[in-house]
Amino acid sequence: MNVLSPLLAFDAVAAVLLVPVVAAALLALLPGYRITARLNVLASLLTLLAALSLFVTERPEPGQYLLVDDLNIVFIVLNAFVGFTTSIFSASYIAHELETGRLTPANLRFYHAMYQVMMFGMNLAFVSNNIGLMWVAVELATLTTVLMVGIYRTHEALEAAWKYFILGSVGIAFALFGTILVYLAAQPVVGEGYDAMVWTILVEHAATFDPALLNVAFVFLLLGYGTKVGLAPLHAWLPDAHAEGPTPISAVLSGLLLNVALYAVLRFKILLSASPEAIAAGPLMMTMGLTSLIFAAFMLYRRRDIKRLFAYSSIEHMGIIVFAFGLGGPLANFAGLLHMVMHSLTKSAIFFAVGHVAQIKGTQRLSAIRGLTETHPSLGWGLLAGVIAIAGLPPMGIFMSEFLIVSSTFARHPLLAIPLVFGLLVAFGALLLRLTGVAFGQPRGSVAPGKASYIPMYAHLALVLGAGIYLPPPLVAWFQHIANLLR
Amino acid sequence: MVLISALFVQAFQMALVVLLAPLLTGLIRKVKARLLRRQGPSLIQPYRDLLRLLRKEAVVAENASWLFRVAPYLIFATTWVAAAVIPTFATGLIFSWTADLIAIVALLGSARFLLALAGMDVGTSFGGIGSSREAMIATLAEPSMLLIIFTLALVAGSTQLSTIAGFMSSPEVGLRVSLAIALVALVMVAIAENARIPVDNPATHLELTMVHEAMVLEYSGRHLAMIELAASLKLLLYISLIVCIFVPWKLAAPETGPTAYLAGLVVYLTKLIVGGALLALFETSIAKMRVFRVPEFLGAALMLALLATLLRFVSRSL
Amino acid sequence: MTSLSVILSCIVMFLVTGGLGILMSRSHRATPAIYGLSLLLSAIAFVISLMHLATSFVDAPTVILPIGLPWLGAHFRLDALSAFFLLVANLGGTLASLYGLGYGRHEHAPHRVLPFFPAFIAGMNLVLLADDAFTFLISWEFMSLASWALVMSHHRDAGNRRAGYLYIVMASFGTLALLLAFGLLAGPEGAYGFAAIRAAEHAPLTAGLVLILLLLGAGSKAGLVPLHVWLPLAHPAAPSHVSALMSGVMTKIAIYGFIRVTFDLLGAPMWWWGLVVLLLGGATAALGILHALMERDLKRLLAYSTIENIGVIFVSLGLALAFKANGMGLASALALTAALFHIFNHSLFKSLLFFGAGAVLTATGERDMEKLGGLIHRMPVTSFTFLVGCVAISALPPFNGFASEWLAFQAILQSPNLPQWALTIAVPAVGGLLALSAALAAACFIKAFGITFLGRPRTPAASDVSEVDRFSLGAMGVLAGLCLLAGILPGIVIDGVASVVLSLVGDRMPVQMDIPWLSIVPIAESRSSYNGLLVFLFIAFSASATIYIVHRYASRTLRRSAAWDCGFPEGSPLTQYTAGSFAQPVRRVFGTLAMRVRERVDMPAPGDLRPATFSVEQHDLVWEGLYVPIAGAVGFAAEKLNRLQFLSIRRYLSLVFLALVFLLLVLALWS
Amino acid sequence: MNGPVFDIAHMLAGGLVLVSMMMLYQDRLYALLNVFALHSLVLTLSVAWQALIQDAPHLYVTAAIALIFKAIVIPVALHRMIRQLGIHREIETVVGVGPTMLAGIGLVALSIVVMLRVTPEADPLAREDLAFALSVLLLGLLIMVTRRNAVSQVVGFMSLENGLVLAATGAKGMPLVVEISVAFSILIAFIVIGVFLFRIRERFDTVDVRALDDFRGRRRK
């Protein structure tokens, strides 16, 4: 690229990993939430810059542990970006939590340190070229989020964290077992030792692996990582964790952690599709995707807690995405990627809005929130725009991906399109019902003006809107390349 | 020359229908009276009534609007235009193509629309009764009328009265079930449309049973005259319509000599007399029905008309 | 600069105007500014589309913008069909903006209307220009979204919220149906461009399926029975000029979608398509107008009558399909002309009527007819224009409604040449249904005008009112004039749409303008002809002549006195006929069957001091038979599944466990 | 090739499955803990044997970890905890022991069927070993599912982990990464669980998960 590139090439990847670690260490030591919050933002910004620099630098050779390829750059950049905006949001959010005394400064130190550890875990999971390492990283990220979900120490929070932890560790076990099986499948071909766990090598030889082993492995990996993706019926931890944790964490969970697990599943799907006799991963994923979609769609109706509502909507959208990837083919894969990015942006934006609303109204109960567009126009219309986007209405980006998914499904498997459309419609009905209640009608609850800045929310929404209208050709080419790579 | 004569025929026809209308009404009244062994008013009594009404001053309710005062003239004009394009004694009227059968029915519809509005204008309960019942009758009468027209049009391949008349007088018609049924339906519709017994009684002022009279209750003087004239014109129109379609004998074709026209005229007059007499006979021999039996009566007409349209297949050439 | 690019830039400007509406939402100068701008823009678009329709018969300029679906781009195309609908849409837009200049002043929350009004117009224009599935759908949904925001503008009223919710859900249902239809048409490679779809060969099964989906998609937006339930709720909920746009124009956009696909993209139709569309249209027309007749809310009555007119249009479209399927070009052209003509007419008089209703609303603050009456004295202009609208929509000569209805009947009379017995039987029957709904429409609008404007004021709200502002009156006046013009010079419109018809069915009606006396002759003069101009002139002439003669030679004196009323003393205004009582005879005749009407009279015995009561119960069978069960089923499923929310961790674990065992079993059995 | 080597390995692995079945059978906490200690002991032996036959010395570390942590420390710790928290001794099972055993047998059968699909070309040792490991894993999960008591659920989870270790060690030449990660994960798991038990004890006077569920039951959200 340019003269800088050799310089950058050296440490772009390292920076993505090291910045959070160092920041975490610092944050664990520093007192005073203002500095720590700022430092948190700063660290996230640095991570983002490092991630962006991955575009311009030429990539390091895939090593035994680390790998940078087209697929994970997208994830890393998205991760770093949402991490950055969320850190901005969390700064204002946490300030309010301190005022209301729900959190103590001691908690905060812990909180910010954990935040960076989590970012580290997720980035590591993305860049790792070693399935064992990837596993470790995902678990690290998960466990940190467990701790953060429980941070309020109310019995609901503890219960949510406990549930998250138990289900999560079962998932851990499954994923590990799957990983071991993959190794066993690879070992006769690749030979013993590290090579049999290096993803790039595995992909090369996947065709000659023992299909039966790969099948069992994939079942365990799908269930193990699927637990984190929040696919029904493995979703149980997700709503509670979203509802009881601090809102920035809910945003990160929905926007990022689910993607991490999804990324892992995708990696193994590629592996499986490389081996001819192995069971097709597609049908399994499509089934789980549809199940989650329809299940979540119905669950949306009886919600009384606004954060739970959007947690279920995350399950729904993860279902759609997994379905799309399961469907496969360049069109559907493209749609899946696009949908994932759009969902991350939109959902975190929504959680930003929800966080502000919950702080203003002092409650998360839907019935206590009415007429937002009247009392808090910028917040209310922002939330409205977010929900419109997440419900798949144009001109937002999700409309494009849903358009592609549904139409290509119908063209290829007409029968599958019917449950898909059904689920979409049911979910749409529920979301709009709640939105009408929250955004319109006789205002209810506190009308105090919100102090926090809405920039992160509107930044996300602007991106989603822009993507809905115009996707820059390089990005498209990139995604299409990945879509073909995913097969 | 041709154009002149055609124009003359058209003008004559227009004048004729207006002039004959009251006479027909008078004739019917006379015949009915005779059938009831009464002396009855003289044939020209309707003319006298009209003139008297015209000379009287018009009494109008306080809150009657401009609509109330304009409506009678418009109603009369619309009916007149409708009547003007029906071949009475001669086909090929110069303006016959301005409105075909459908348009004629629609013109009568506009007249009714205005009349119903006029009935509601003053804001009395009787006006409301009349209008709403008139509307109800119309909702059944108009579709059956149109279905009858469909039957004719599908048989004759045209909605143009002259063409239909020409076709009906041609030998290839034969005797068709559908046409017979259509005729019955048409007669029923005509009775309803002209507010004759058994649907309505032009002579009654028993409030709760009247329809047409209830609408015009508030009218007086010249306005009433216009409405009366329009009503009798409408009656004439329907009878001439029936005879023009179903007994189109001796209709003078265009560019035939005056003798043909004369013959056509004479025959037309006889047709009118016979038709009027038949109507009077029918009216005296039947009792008025309750208002809510009317829908059944008209529903029967509607069903018959529909039957006629469908039956035209089975009886292509009987 | 081509006409297409002009219109596109107009659309962009519309969106900019919408943004402006957000920026200056709180300023008092916003209302005139926004409506003025959109008036200007839609006027420009109107003129352009008119010119395009008049001048170019064949050329269809296309533009491809690098937005929307990446590898496809956004295709826009301006052909005769789009030009015609653009004309309709922007005429509506222009007059609605003009009306809004005055009406908008009374809006108490302008910042909820102003941003979305131009966006709404922009959305409709985009749909009409779209030339690929993605652009079409995104514009379609954008249109729905904008109109939804407008419906929600008075959001404090719970009824409006419910209406808006129902509307948006139905809209997205329709969009999904259309999405599936286009998915089928585009095929697995995703060839979404209309050109590609047009070129492709579609299997009969596919085409039939597409038609069904299309009827679901476009029908739900146009208000076809049984997908109409949202319409009478949503259209009245919006501000009146928006209601006018929704009823008068947006439903037409839906019909445009239907025509675009069935006549243009889908290739040669099959005869049963015609039958299906025909029957649906007939049912819609009859049911819609029956509901309208039972209604006492003025705006909702108008909305129901919109449903009726949609039915009429679909009947003509069905005929056109049937004829086209049998290669009867001329007849098909006749039917399609009738449909397009009626589309144009309905956009005129429905806008006019909604404007009138809006004027009444601003003057009295009432939509309930039973609280109105006698407005003709205090609002002469409004009432006159409203009367014109009523006569026109009741399909009475010499106004435009009759002209198009007449054409439809002429098309129906072409049916005996159809080879299929099912059609030859069905068409006249549907014709009867059409005639029935026309008659019912007349009754309905006698009621609408009579109860609202005639008689005596029923409430103080109706008694002390004054005429509305001149912008509103201007808009209504223009529309009334257009209704008359289109009625007495139908030939112009017929020749105007000829290019559209030619492009769609490959045949056209004979040129009308050079027929002597400007009368219209569908096939041959010996078959049928109609001359609105002469009819109008004759009526006008004979009426004025009569008036002159009577006043000249008979009496001209006039005396005002109390109403006669068979000698009854003039009771309170409440003794007048009400909307309900006016509809009662018709209700008895048709209601018992169509909406299970039950009337209950509770007459206390003599000496009993209880007041006598009369109650009517009436059901919307479609709603109770279709929508309530669906809602119930969804609620039931939600309730049952919701139990899963409250399980213990162990139970969740067992879910995981079962999933694992299940998958392993699958593996064990899979070979 | 050398039969007895395999036979011993299989015997140990099979023994592990047997002990898992025994755990299913237990209905008293202390007994359960003892059986779990036995379970870990057998695991230790099998891992050690693997270390021997694969002459992979690092596996001895794993064996040691298994012995010390799982066979000694944790059972003792749990004993103490039970005594401290005064948890009533007998375990409430969801379904009776009989059906549970039947289910367990079914699971074992299932795992064998699944694993025998693996083509014999794959390392035979691994193949049979995997069948056992999978059944141990499933049985552990079954324990977690069928026991209402938190401690026994924890035990079930740990036996599940044992299954993992068995599989990992059975895999020839599996890099150290895995053992570390296993130990690491179990370590974290225990830290966190410990933390949680602690916090939970602050709030409730029992670790029984149902107490949590009661809250959930009352607070319908």
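Letters A, B, C and D mark the chains as written, and numbering starts fresh at 1 in each.
By definition in this document, a residue touches a chain if its C-beta (ideal position, glycine included) is under 8 Å from a C-beta of that chain, and two chains touch if they have at least 3 such contacts.
These numbers come from a predicted model, not from an experiment.
Visitor: Determine which two chains are connected by the greatest number of contacting C-beta pairs.
Guide: The chain pair sharing the largest number of C-beta contacts is B-C.
Visitor: With chain centres set to the mean of the C-alpha atoms, which chain is at the far end from chain D?
Guide: Comparing chain centres, B lies farthest from chain D.
Visitor: CA centre of chain A versus CA centre of chain B: separation in Å?
Guide: For chain A versus chain B, the centre distance works out to 79 Å.
Visitor: Would you kindly tell me how far, in whole Å, the mean C-alpha position of chain C lies from that of chain B?
Guide: 35
Visitor: Quick one: chain A and chain C, Cα centre-to-centre, how many Å?
Guide: 44
Visitor: Mind checking the centre-to-centre distance between chain C and chain D? Centres are C-alpha means, answer in whole Å.
Guide: About 69 Å separates the centre of chain C from that of chain D.
Visitor: Touching two or more other chains, which residues of chain D qualify?
Guide: 114, 117, 141, 144, 153, 209, 212, 216, 221
Visitor: Residues of chain C touching 2+ other chains?
Guide: As it turns out, chain C has residues touching two or more other chains at 645, 649, 653, 656, 660, 664, 667.
Visitor: Which parts of chain A, given as residue numbers and ranges, touch two or more other chains?
Guide: 162-163, 166, 170, 215-216
Visitor: Going by the touch definition at the top, which pairs of chains touch each other?
Guide: Between chains, contact exists in these pairs: A-C, A-D, B-C, C-D.
Visitor: Which part of chain A faces chain D closely enough to touch in the complex?
Guide: Interface residues on chain A, with respect to chain D: 130, 132-133, 135-136, 139, 143, 146-147, 150, 153, 155-156, 158-159, 161-163, 165-166, 169-170, 172-173, 176-177, 179-181, 183-185, 187-188, 192-194, 197, 210, 212-213, 215-216, 243, 304-305, 308.
Visitor: For the complex, which residues does chain C have touching chain D?
Guide: Per the stated touch rule, the residues are 645-646, 648-650, 653-654, 656-657, 660-661, 664-665, 667-668.
Visitor: If you look only at chain C, which of its residues touch chain A in the complex?
Guide: 66-71, 133-134, 137-138, 141-142, 145, 152, 155-156, 158, 161, 164-165, 168-169, 172-173, 176, 179-180, 182-184, 186-188, 190, 192, 634-635, 637-639, 641-642, 644-645, 647, 649, 652-653, 655-656, 658-660, 663-664, 667, 670
Visitor: Sort out for me which residues of chain B touch chain C in the complex.
Guide: Chain B residues touching chain C: 54-63, 65-67, 69, 73-74, 76-78, 80-81, 84, 95, 97-100, 102-103, 106-107, 109-110, 112-113, 116-117, 120-129, 131-133, 135-136, 138-143, 145-147, 150, 153-154, 157-160, 163, 205, 207, 217-218, 220-222, 226, 291-292, 295, 299, 302, 305-306, 309-310, 313.
Visitor: Which bits of chain D are touching chain C when the two form their complex?
Guide: 94, 107, 110-111, 113-114, 117, 138, 141-142, 144-145, 147-148, 153, 209-210, 212-213, 216-217, 220-221
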